[in-house]
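Listed after this line are the structures, all set down as structure tokens.
Note that subunit A is present in both complexes that follow, paired respectively with subunit B and with subunit C.
Let's turn to the complex of A and B:
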């Protein structure tokens, strides 16, 4: 019974959950967060010795200023968007698939097998379809591994999917250095896909962007209007409830992870046959991780993911541009992107909670 | 309605002036606490006198536990003052509360199963690195004899009954030197006999000068144990009365806000056909222990079969095994009913739910864990209503039209307080959540309806609505199986009452003939073999 307890004061700040924020105010909060991000990033640019307004302007121009850069931005958007949708299917089920990178790589490799070794046999449409099916099947099967492990032995899917990324990466390196090494090359690299095996361009970008838009619409219907989408949501909320409702939890996990992996595998195929025309250890290039941010920022809504993916692709393109114009180091422009994403993700906390200062907030008694 | 509350408030204020502040162990004034939009406590006061037992009475959700959690340092009040032994204090953590001599025994015990009673008691105590077991055990025995506990300091918690665990929690608090004890619904998990023992201990502690708050919603216990009663309703202070000068009906009226008849209907109907036959049902826990042990019974249409037992006697596993959610190692469960005039007779164990539905088995189940098993908290009422039926058509897409209409009907018929079928179930109050769940299950016109703890956490109004709905199903010819915890309710509503003890059936009685004490005894020990056959 010391006197210490009596001397203590109310905590300085308290978190209070709010459930009554109107969508308009929520968006206002996000807008404020974005402005703060720009201000904060602007300070960084000032320290580097440049005019923030000019730098921001050139970032936007670098992403949207001409048809050439727009195409580049779209090219960055497509893999992010499709991967994010694939991951969202698993996330809605509370299955933390952070193995997008690996699933993209195995998809690319499977497509690469047909692209590099059967291009002479099949005409383009058949070859493209074969590559797509192969990429999706490979990505899907790769996604099944953690699903089966979880369904059978309750393993932690986060660890398994993460480690499978490194296995896929090592496998690609092995192919580059050995069996699939380009003939006559002294560097460890794979041959280029012949032009007969490449995806046709529509408005200057491979037609994967049309496919991505179709996937957005289908995914929205799948998540919200189909029985399978409903089952995913129920399993994600509570496995007990799912069992009670007569849903086979294992079946849903396995089916959904196949879909999730297949979409990532499709991205690998498109990167190979539409963008890079070869496979390197950089084919996935962090898309599998950035797509996690896309899916969460969009709250698993496919249309939201379209917007967020475009935004993040713009940041990526824009930061490339300012690197060349202002000789800003790559690390600094990554920092700039980090600041913006930090504020955008951080503001979601304030959308969900509010802070109450000591002594304030006397309830209307 | 308002006037009695006001007179009580005035009476209480007089009490205040009479009370010498030095005689008050605890005084809470103008205390308010909100969670988001919900105001859990609104300008509440509480005076606990030195050496008295104060009952804190109110329906679930009336803010009793919130108020006491602020005294024990779990929550921090948004507003208001707390005085302990006449001195103004700020309690920011359970440790602060301990330092002030306040100890709370929570409804859910916070013990470590693999440790012994003594180890749990000494855990988290200030002091050196080395603990002398001998002096510790001596201290515990001394406390036990002083207050009349039965406790074995060396016994592991996982070997203990619920009542023994509760004893450990109480001794833990006393060992820390608490002289103000708060007990949150301590009798909810006890048999009548164990309750009597606990009350004897509480009286001994009172004699010793301890001040005790007991949170409860059981009126007869309030009358049996307390010196004074403070009543809360919907987070507000309603009044304080001397226990000697009150009765059940006055307390109910203060608690609910209007006069209520406390009688539960038991419509007398001729026994219908046998709907469910369970034989030799045995289930193992994940550790290989028999949690359901050779259970057999029959349930008939037009009757409510009550199932009583202390918490964890196998009720959950029994219900889940019958509906196919818990694996049974042995036994049989046979369903009898009709579908389109044809007779249905199916063995349920080991069958897929989809197949059974197609064969015409119509069973409804309201599980104990409403939001963790029966419903999806983050979805709206429509999506929850279709949880069990969304597979009925052959389309790839879900049909939300019919469930939406049904959700609308349920809201209207069962008086569910919700903005509409789009209301998120997790945001509804406990009573409304249960109405959505029970409403959905009843809408399937089940042949057998199993309900587990259907009124737990519900206010009196909602509880009586649920009893009415169950009786309506009984009239419609369904076999209703009611697993409950409140023996008074079970004795009033059941046509037959089956008692479980340690996973076995210790007997089945006619609740109109048996006494509560007899049933209470069956809950803790297996009766003679003649009782097993029902």
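Let's turn to the complex of A and C:
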């Protein structure tokens, strides 16, 4: 930490690493960044000619104002939350799985096979279990493709997972147009799942929300209290350290990506059997991408993801409301999410470093 | 048969140009050591702003009772889309270079932000313009194929070389200029040094942060221009929701295949452009259209895997790519 003596003046601001910031202060900083992001989004709303406070208020009301919309918001939360936990498992080992969309779609297709073609054979509980297992297996296997390439040849997983999204999407379109096309339909769509194969509703929302809460607890336990969770963290910190410690990096990558894909596949199954009752190109609906932000904002903490997923679902639901009221396009939510993420990302710098003004403090040698 | 081949090649060049522009922007960025995965986002930002720029220019001129000039409108679109892409890259640069944020995450967020940005303003101005936003004939004709007397009329050769819109030639010129810049100019050499070994470059008196900022911001601007191509040429001057979808990511993959060399990028862009449009020109009996649609993506994965198997020093990514440089961490 030395400035070139005499050659240049000391810069106006310099950064010093801090090691003494209490978690409370750190969260206060993040809170400030969050509010600044909302202000920034508010300015945009202002420029568009609306009152930001009213727009924000109506967004909140649109998501939590009545039991009907609350159910809709929860319905949006479930896939976001479970996908985020799945992606977080991969992100924790610095494996950038952005193939959530594709893994959700293949999960839905695998579940769809049982749901659409064996619903007459099996009673509901067995059918649901079959669909879940199929969805998870398909999603997990789809997640294994980039994992194997990465483990063996260090192939760039970001691009492979992304390309697999487009492939899964094309496959769903193929099924809609051809083999799985609803009989008698003039335009491409799949048949509806018969009511006997649908997930039961609890408090107005399919019971996937209970499952999601259970997954949150299990995931927290898995990440923080088990040997496998620890291995994931070590691989994420440094692959060399992991190797010295005798951890098989390949094994961890492959195992974790199966879990990651399987959770996404489960989401596909729930979207099919609990929410939409059919499969379309929109079954994943951007959840695989939005969940990245959920996992990241929550710093890979499952309980944090529960809070963030509820918040993001609120933005998603609320943006539909403001589209109706103010004619502000619903894409506003993804714009706002982007702004919030930028601020949170920038804020981490101030959590790790502090700025010292010129001449305020003598730099120590 | 010849006609089909020529038509396919022409379509390949047209579809490959936005890929080339995106890849060129990203090559410049990655050569400086910044791995910006926000290409898709920056392309979206360039696409919508370029379109809106032209649209407002036309409205203003028509409002004043004059006829809009196509060339001026195209120039405005070029400038505005460059600025928009550069703005996205500036956010990325500020976060990664100054605030030391993780490059992968920042790039992904830039993609999310840029996609939202494009779709939001596309819909917003579409609603204002009464349904959808589209430029007038004057601007459209500025992006129409050029017509050089005699040359464009030549059989085959005329079609293959002299039948494109000006942006195709612009992209080719940019690729050649960039190749010269990297391998023949002093500044380009410095830039490569920053990307390979920032600590050594720093010791040699090169301002690492400045080089990274400039390369990233200009690279982002070029990506923005690539996005503008998508909505001016590919969708003929009309905003289509999600119009960039996937091209930005293919451009990122193209950078790897081109081994960070602009001229190779040019050739590969035509090949990948060809893969994107092949299904409209060559039908394979018994192959459903939707399965055919997968072809470019499957091939991208295959090539990615093959390049990763055959890794060599010479064709590797700039050594510091993806890593931030902190002088005091040395």
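Heads up, the rule we're going with is that the second predicted complex is superposed on the first by the 317 of 365 C-alpha atoms of A that agree within 3 Å, B and C clash if a C-alpha of one lies under 4 Å from a C-alpha of the other, contacts with A are read in each partner's own complex, and residues count from 1 in each chain.
Note that in this section contacts are C-beta pairs under 8 Å (C-beta built on N, C-alpha and C of every residue); 3 or more make two chains touch, one makes a residue touch a chain.
Keep in mind that what you see is a predicted model, and the values were worked out from it rather than measured.
A count of residues in subunit A touched by subunit B and by subunit C gives the higher number to C. Applying the stated contact rule after C-alpha superposition, one finds that A:334 touches subunit C and leaves subunit B untouched.
Residues 1 of subunit A contact both subunit B in one complex and subunit C in the other.
Considering their complex, residues 37, 91, 94-95, 99-101, 104-106, 108-110, 112-117, 119-120, 123-124, 127, 246, 249, 252-253, 256, 288-291, 293-294, 297-298, 300-301, 304-305, 308-309, 311, 328 of subunit C touch subunit A. Note for the complex: subunit A touches subunit C at residues 1, 48, 96, 98, 149, 153-156, 158-160, 162-164, 166-167, 170-171, 173-174, 177-178, 289-290, 292-293, 296, 327-329, 331-339, 341-342, 345-346, 348-349, 352-353.
Residues 1-2, 4-11, 14, 16-20, 225-228, 230, 233-234, 237-238, 240-241, 243-246, 361-363, 365 of subunit A are the ones touching subunit B in the complex. Only residues 30, 32, 34-37, 39, 42-43, 76, 78-79, 87-92, 96-97, 99-101, 325, 353-354, 357, 365, 367, 369, 372-379, 383, 386-388, 390-391, 395-398, 427 of subunit B touch subunit A when the two sit together in their complex.
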